[in-house]
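Labels for the chains are A, B, C and D, by order of writing; each one numbers its residues from 1.
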Amino acid sequence: MKKNNKNWKEKLHEVIYEADTPAGKLFDVVLLIAIIASIVLVMLESVPSIGKEHGELLNISEWIITILFTIEYIVRIISIKKPSKYIFSFYGVIDLLSTLPKYLAIFFTGTHSLVALRALRLLRVFRILKLARFIGESNNFMKALRASKAKIAVFLFFVLILCVILGTVMYLIEGGENGFTSIPRSVYWAIVTLTTVGYGDIAPHTPLGQFVASIIMILGYGIIAVPTGIVSSEMVKVNDIDLNTQSCPSCSYEGHNDSAVFCNQCGGKLHE
Amino acid sequence: MKKNNKNWKEKLHEVIYEADTPAGKLFDVVLLIAIIASIVLVMLESVPSIGKEHGELLNISEWIITILFTIEYIVRIISIKKPSKYIFSFYGVIDLLSTLPKYLAIFFTGTHSLVALRALRLLRVFRILKLARFIGESNNFMKALRASKAKIAVFLFFVLILCVILGTVMYLIEGGENGFTSIPRSVYWAIVTLTTVGYGDIAPHTPLGQFVASIIMILGYGIIAVPTGIVSSEMVKVNDIDLNTQSCPSCSYEGHNDSAVFCNQCGGKLHE
Amino acid sequence: MKKNNKNWKEKLHEVIYEADTPAGKLFDVVLLIAIIASIVLVMLESVPSIGKEHGELLNISEWIITILFTIEYIVRIISIKKPSKYIFSFYGVIDLLSTLPKYLAIFFTGTHSLVALRALRLLRVFRILKLARFIGESNNFMKALRASKAKIAVFLFFVLILCVILGTVMYLIEGGENGFTSIPRSVYWAIVTLTTVGYGDIAPHTPLGQFVASIIMILGYGIIAVPTGIVSSEMVKVNDIDLNTQSCPSCSYEGHNDSAVFCNQCGGKLHE
Amino acid sequence: MKKNNKNWKEKLHEVIYEADTPAGKLFDVVLLIAIIASIVLVMLESVPSIGKEHGELLNISEWIITILFTIEYIVRIISIKKPSKYIFSFYGVIDLLSTLPKYLAIFFTGTHSLVALRALRLLRVFRILKLARFIGESNNFMKALRASKAKIAVFLFFVLILCVILGTVMYLIEGGENGFTSIPRSVYWAIVTLTTVGYGDIAPHTPLGQFVASIIMILGYGIIAVPTGIVSSEMVKVNDIDLNTQSCPSCSYEGHNDSAVFCNQCGGKLHE
């Protein structure tokens, strides 16, 4: 009964914003394919040999996807009750930015500023953020990242200070003739080394420099344990709290497992 | 008594599928040696100097091992009650694939398609998966890997999105003259950098590029703490449940907390 | 009333040493900007092209910042009750070292010892340690680092011993013709490899050397789990104690378990 | 009284095997310096320029340290009740190996086998294992390493299987012309990549190869979380057990803190 009363706007909303109907699931799958295809297109276009040979094909495919995304954007605005809420949300802005560049490219064909044009075209790569919808807000990993944000930030800040000091020391030891031509470059090298990336484009040549480099590497190898430990303990704490949400109606004890039916302290039944 | 009644099929089954009899242990050791020897053979064959000089010896050894594996495969089918269950299991398929390539190579000697032939020969390397039997299903590490699969997948998906965006940004900053000739190549570089591998075959040369690269490295160094934290807390949770070895005398349920006095499933008192 | 009684010294102290008044916050922001600007200045000065072109501008900016830091140093001494306590504290020494180099540079202009002069100038980079004030003593990360110091040190000591032995082995295997010209250099290479930095400036060329290198890499990849595990468990322990915020009504002791009913110090009952 | 009764053997034993007397502490410090000096000597000797110039000085220093170690070895044997127990212990063997090479070198001066001679001389580097005494058996890190040994071994075994398969796949994709000349070499490359070392001496050149390499890197970056998680949870479990060693004499409850004086369940006093 209730379902029949729904007008087309409500039906559209269900298809687009929810994933629990067959139509909603189909919409999600089509959207997912379109996003991935669109990213692959941007990538292929940038490969010189492919870009030149199949330019026309890529252009047509781009237009098809852009039109699809435009339709999606318009339908999302129509089917929601408060369009402004969607338009200015994170997803609304991303959706708009996903379609605009291709349209703007029409007006800028005559431009001489190649960098601006290229930047404009590459904006399309941010369509990948549309995938964020599929990872979902409620995801454990995102929660962990958000909970540990401040701690990781302090850690990275600490790493940066260390790199500035160590980079300067290496600049003094090695000097310009060994590739350490300036402090910013030496700091860049210190970051490359401390994070254990190690390109090898700049490498110490003097024995003292190699000694200091060894210390930096061992430091970088050792201190990674600290943020990991903090995040782990944070996660354990979150888990502990997750387990203890229901309290026994008889004795108010709260340390129950998720699957508990009876209180493990007084044996009374739990309301779940 | 019971043991004497066993027919040869049951005895074979005991030797091959179980490891608690002396014969079963011996079988396992022989199998282990044969697998490792077979992998070493495939490897040595691929070394140009060894492959040419000792080609005949390697070929004979290969045939010996192939025949051994064929016998093992046939015996496994004979000794089990439902052969189809084994044949289509993970191990059954691997065992078949371990013997086939050598036999197929007889028929394909005249083929001109070298790549197909080489691929066929290299299929033998998958024999290493036969070792999976020795790691065992019940292993803690495998359990951890399976439990964390979804979380690690989301993390890696997140890393990929990050790499696509950062790779595109670097493509714009550095451009083709510094090695960032296309977006796929730049994304490849971003992955090399974020995962702290750092080959150095492509490296940023502009100051701005080195600045962005530093950010990518520090990000890669910092966010590794997040999946580690999630898996750690997951493991702690699993361990907590593992510790509760007591089972309820009324309903035999085993998932109790350490401090539980009553069964949380049936409300019966626990003997501790 | 109380506030009006404060003399100018107390007011200054509040502004400089505390951050909970608007003036105190403003002071902190200005200080933060001055520190970062000063670090950027030292860095830019070291870039040959910028150093030559804008030398005069950089010099003037340096003097402005040096004078600002001098004022800060003097005001900090004046506004504190026991100046000696500040002067010989970690921050006092850092603050002094932040201003001295520029003044000393006046007297050493005629010096021929370029390295000493350069070292003197670069001392200014340690101003970045003034940022330590903003990370704060009470920070979780610093606590974790301090708590795990001993454990990480033992781990790094263990890594060093491993690197000395493995480096010597590689020196024997590869020899001088492949870049392993001496034991210190081989140990340096072992550290580069075990910490997964991997510059590639020195790399094994013999099959045996590559085999040993593989073992070192896999070791390095595996043992990183150990310090991480120790720090994680340490943090979980700290968190557990952190969670017990209830204090005993009899003796005010606060280190209770979650499940505690009686105080574990005086035996008095706890109100929960 | 008791102390005076001690004969010189007991006194020696106290000095050498225990560290709680002033003489014992002094002995430890001298030993530590001698070990480190001896390692530095071996290292310096291997540097061509230093080895030639200061050869005589290094030789004399070596003899002094060797004689010191010989005396230590003899005294250790004399002062212990059961010399055979020490001689065949880990430390006994290491102590013997630390002194022998120098003596053996006298007899082998005429040998033409340079590699054997070099290997013999380098054996002295294992003196660094004498440092193991200072890390101590009871150390937390060593305990963690021992507890996680099996798990890390399975993990590394899993990594090896992965590297063999991925290396073979890359051998097929890239082929000899891009540096992947044989399967062992490709497996070596896969290990270099998966462990995030990344020398860059071998790097994929084909787009498909770079794609597979990206997958390997991301895998390597992701699965490191698994052993870390296992070790962390293991450590947390060990810590939990560490806390629960004393049980209340009144109610036998065992979940007490280290600092607990009274039982937190019944309020009874704990025997500590």
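In the analysis below, a residue touches a chain if its C-beta (ideal position, glycine included) is under 8 Å from a C-beta of that chain, and two chains touch if they have at least 3 such contacts.
Computed from a predicted structure; not experimentally measured.
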Exercise. So chain A and chain B: same face meeting same face, with over half the numbers shared, or different?
Worked result: different
Problem set entry | B-C or C-D, whichever has more C-beta pairs in contact | C-D
For this session: Name the chain whose C-alpha centroid is most distant from the C-alpha centroid of chain B.
Result: C
Seminar exercise, completed: Cα centroid separation, chain C vs chain D, in Å, comes to 28
For this session: Could you grab the centroid distance between chain B and chain C? Build each centroid from C-alpha atoms only and quote it in angstrom.
Result: 40
Problem set entry | In chain C, residues with contacts to at least two other chains | 155, 184, 187, 196-200, 220, 224, 227-230, 232, 236, 259
Problem set entry | Complex contacts: residues of chain B adjacent to chain A | 151, 154-155, 157-158, 161, 164-165, 168, 171-172, 176, 181-184, 187, 193, 196-200, 203, 207, 210-211, 213-214, 217-218, 220-230, 232-234, 236-237, 255-257, 259-269
Exercise. Can you list the residues on chain B that touch chain D in the complex?
Worked result: 39, 42-44, 46-48, 115, 118-119, 122, 125-126, 128-129, 131-132, 135, 139-141, 144-145, 148, 152, 155-156, 159-160, 184-185, 187-188, 191-192, 194-201, 220, 224, 227-228, 230-232, 234-236, 238-239, 243, 258-259
Seminar exercise, completed: In their shared complex, chain D is touched by residues of chain A numbered 196-200, 228-229, 232, 236
